[in-house]
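Two complexes come next, and they have one chain in common, chain A, joined by chain B in the first and chain C in the second.
Right, the complex of A and B next:
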């Protein structure tokens, strides 16, 4: 039995790597590749008549494998299937950090899952509220309702878009400039930021198209995503490189955090750092930069 | 008597000046009296040395029971020549008590197991031993203990006369009628003939076996006619498909790639990673993939590799053609890209096994090697490596150039997954020590990196580069926590194989495995 610490709602999630929960060879030590989160899939990767086997494999993996600092999230089957309730029971019994709600279209969907999660937490003696949630938007309706979904629950830590399904609904295909999903990504980012939760981009599935992958990751970073879903460990390093702060940003963040702490002791709320006005509102951003820098091996100080 | 890697060596083996392993470079500075062959004079001009059959060549060379025949393994698992010669010697000439001294043997040589069981073959000296032969030797059926040597240890032993070759058989992809041999230009091409060169110089008799007779002179020759007694043309010396595989591809396995990336990272963190550095890597998944990531670091730092050695395959030839490596010097080829490149691509050269790795000559290539990346079946907390015996104690591998490159290089990196199936690769004690831990510097696994405490300079390099590393004990514990701690193997007293260190001392012995019975 590997007890996992209480999940942290807002932690570093640059990379979420998908893998089939039914494949022991994959899930037994996926953490070695260094992604921030792994996403064990009970949904599309698992054949309809294998759902039960996948749940067993998942449960025993969660109970026997020490995933360490790597976050463990499970993608459950859609609410329109007969599987999702049992999926949730397995997730909670196994002690996952978070559940990804597939095909989420409304705040009601989040509430439905939240209720089942809470029941499962009581059933298995887990701390109520422990299990985090994130939503996957896969349809135009989901994207249009992004804000109500993002703000539907205190358990919600993030929202992601699922490009495959969404593009089908929109009658489009992946484009190198990202125009196919430009609006959806933008709408989702707005909703996530307005609700104070994280936002993740979809997977890039053509492993041979390295240039296309790189272009998309640069665009993700430029648009303000927190991270990206991945399908192969070899995609991890590049995302971490792109999402790493610059050295200048790290130095600036360190100055800001230090200045805010020192000035708070003196009772000063507003002051300048390198000629720029700084107040407490800059703290979360600066701290985020430092945490990111630490994860990227660029910061070894003790401010975060 | 216990040796420097803690292995108990039976005193009965320590005769005729044989010593136990004392640590690396123990023999440095000592003198060696080289043995000379007793060879036949052919003063009368011969138009041709062609003979009709192997049997006739054996008779011509005065083959008799009790002799030692030598072979080389450039035809790898496609080789037909060992079986062909032994069959003629035993079944046509009726010889017995024969010893095979080969640079390596594989499962292509399963039929020899039968001759061992019949008592016709009584001695085996080789680097590799696998398949049925490994099983019968492990079962104690060979009359004398097999002697396992590295690729550098073999020419050393031949030159020192510790193995005296009565007849050397050269499997030659091309030969002319007097025995000038090359590894290219025929239908069973293998590239270089580096392992055969010492044999040709030190054997009393040399027989060339070829399936492609070419015009005289077949030049430049890898084995020269001046050393050859007879040439026999056969239908086929080997199966080309198994001699050189299709182009070796770099692994797409994410685990291999991750380990390879870490290998390159480690290499790039050391002071020897500079313009003109030298490098050898294996053809295993993560070892070969290290090429890819090393190239990225070379581009980043704008440096080129001075030279590469070893068993060579396509990805290294690619680097040579791109101008990123100055010279490739080659003792053996693993794929068609390498076979088709040697002697044809400028700066792609051939060398002998002695020139490659012999510890007793005046400076082999391995002595100037900066980095080598090697695999392992097992590695223990003393950094001792086993590449010979399986988890069941049965012979099924080959030290090859592993101990030589590890000992000679400035940085020896072992790359291996932490576990294979249910077996812990990083363990407390390897079954057999084939490369001593004092020659191994860094271990890269999928679960972390460990540096040999004998190399504080490398620990500092990794720390300064921010490369996380742990103790090898921590990796061992992780491995056991995943797959459990195996029971010790149970052995009988009989020594079935002697693992000779490259300098000729005894590194370890392999004993007869006790048959497993369920209680």
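Right, the complex of A and C next:
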């Protein structure tokens, strides 16, 4: 048995790769690709008559395979199906880091899942509160209720939008400039930031359209997303490159963190670094840049 | 557990195994074919038998067609087939109990 360490609510999640939990060939070596999180899927990737088999497969994979530093999240079936309760039991028994709530539409949906997770934690002797949650918004109602969903629980670490279902509801299709989901992405980002949780963009499914994929990743970064869901390992490297800070940003962040610490000791609250006004409000952003830089292999110092 | 009706779990894809169980009267009758029989035949057999013992299955005709599955996959497929044969594969699985 591989005991996984207690999940971190806030960690680096640039890339989250979907894997069918029913396919042993996929889940046995999912961690070698170097994505930050893997998303083992019990929902759409698994045929209706194989939901039971996928859970057995998932349980033993979780108990046997050492995923190392790769975060392990499971997408469970929707609350309108007969499957989600057993999905939650197997996730908690297997010790996953987090559960993704499919088709989340309200704070009540989060509470319903949270209650079942807590019951499972008690049943299987796991620490209560250990299992993290994230929500997938897939409908107009989910997007409109984004803030109440994001702030519904202390277990919530992030929110993601599911483009396929959402675009269908909105009677649109993927556009190169992102106009089809502009408002939804913006609304979700606002809700996530207002609640202090992370925000992830949807998958890009046309693997032959390299240019379209790149444009979308650049836009994700510019809009302020924390990361992106992926369907293929070949997409990982580019997202990591785009989400990495520039060398200039790393140097600047290092100066800011150092200056804030030094000036705090001298009793100075506001001062300048390279001609720019800096105060304590810049600290979280600068520290985030350094953590990101460390994950990208660009920073080896001891400030974070 | 008692094998009540024939049941099957798994696929013939690479790294998977397809397990079929049927009611039997004469202990455990195992029929095994594997793409890695020469290297791992003995270990696969041991894993299947251990899993059946854990589930307390005493009489079964079991057919395993292995395509290079890891131990954890073999266990998952045997368990799923047995639980399906009892009509108990959908809910309240004893995770961490007899399933481990």
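Just so it is clear, the second predicted complex is superposed on the first by the 304 of 304 C-alpha atoms of A that agree within 3 Å, B and C clash if a C-alpha of one lies under 4 Å from a C-alpha of the other, contacts with A are read in each partner's own complex, and residues count from 1 in each chain.
Everything below uses one rule, namely that contacts are C-beta pairs under 8 Å (C-beta built on N, C-alpha and C of every residue); 3 or more make two chains touch, one makes a residue touch a chain.
These numbers come from a predicted model, not from an experiment.
Novice: Figure out whether A:214 sits in contact with chain B (first) or chain C (second), or with both, or with neither.
Specialist: neither
Novice: Looking at A:124 after the superposition, I want to know if it touches chain B, chain C, both of them or none. Which is it: first, second, both, neither?
Specialist: It touches chain C, and chain B stays clear.
Novice: Using the touch definition from the top, say if A:23 reaches chain B (first), chain C (second), both or neither.
Specialist: It touches chain C, and chain B stays clear.
Novice: Which partner reaches more residues of chain A, chain B or chain C?
Specialist: C
Novice: Could you tell me if A:61 is touching chain B, chain C, both of them or neither one (first, second, both, neither)?
Specialist: second
Novice: Could you say whether A:294 touches chain B, chain C, both of them, or neither, answering first, second, both or neither?
Specialist: Neither: A:294 stays clear of chain B and chain C.
Novice: Just to be sure I read the superposition right, which of the two partners does A:237 touch: chain B = first, chain C = second, or both, or neither?
Specialist: first
Novice: Does the superposition put A:33 against chain B (first), chain C (second), both, or neither?
Specialist: A:33 sits against chain B, while chain C stays out of touch.
Novice: Considering only the touch criterion stated at the top, classify A:53 as touching first (chain B), second (chain C), both, or neither.
Specialist: second
Novice: Who does A:89 touch here: chain B (first), chain C (second), both, or neither?
Specialist: The second partner, chain C, only.
Novice: Give the list of chain B residues in touch with chain A in this complex.
Specialist: 254-255, 257-258, 261, 446-447, 466, 482
Novice: Which residues of chain A touch chain C in the complex?
Specialist: Residues in contact with chain C: 23-25, 28, 51-53, 55-57, 59-61, 63-65, 82, 85-86, 89-90, 93-94, 124.
Novice: Taking the complex as given, what residues does chain A use to touch chain B?
Specialist: My answer: residues 29, 32-33, 232-234, 237, 297.
Novice: Can you list the chain C residues touching chain A in their complex?
Specialist: Going by the criterion above, the answer is residues 9-10, 13-16, 69-73, 75-77, 79-80, 83-84, 89-93, 95-96, 99-100.
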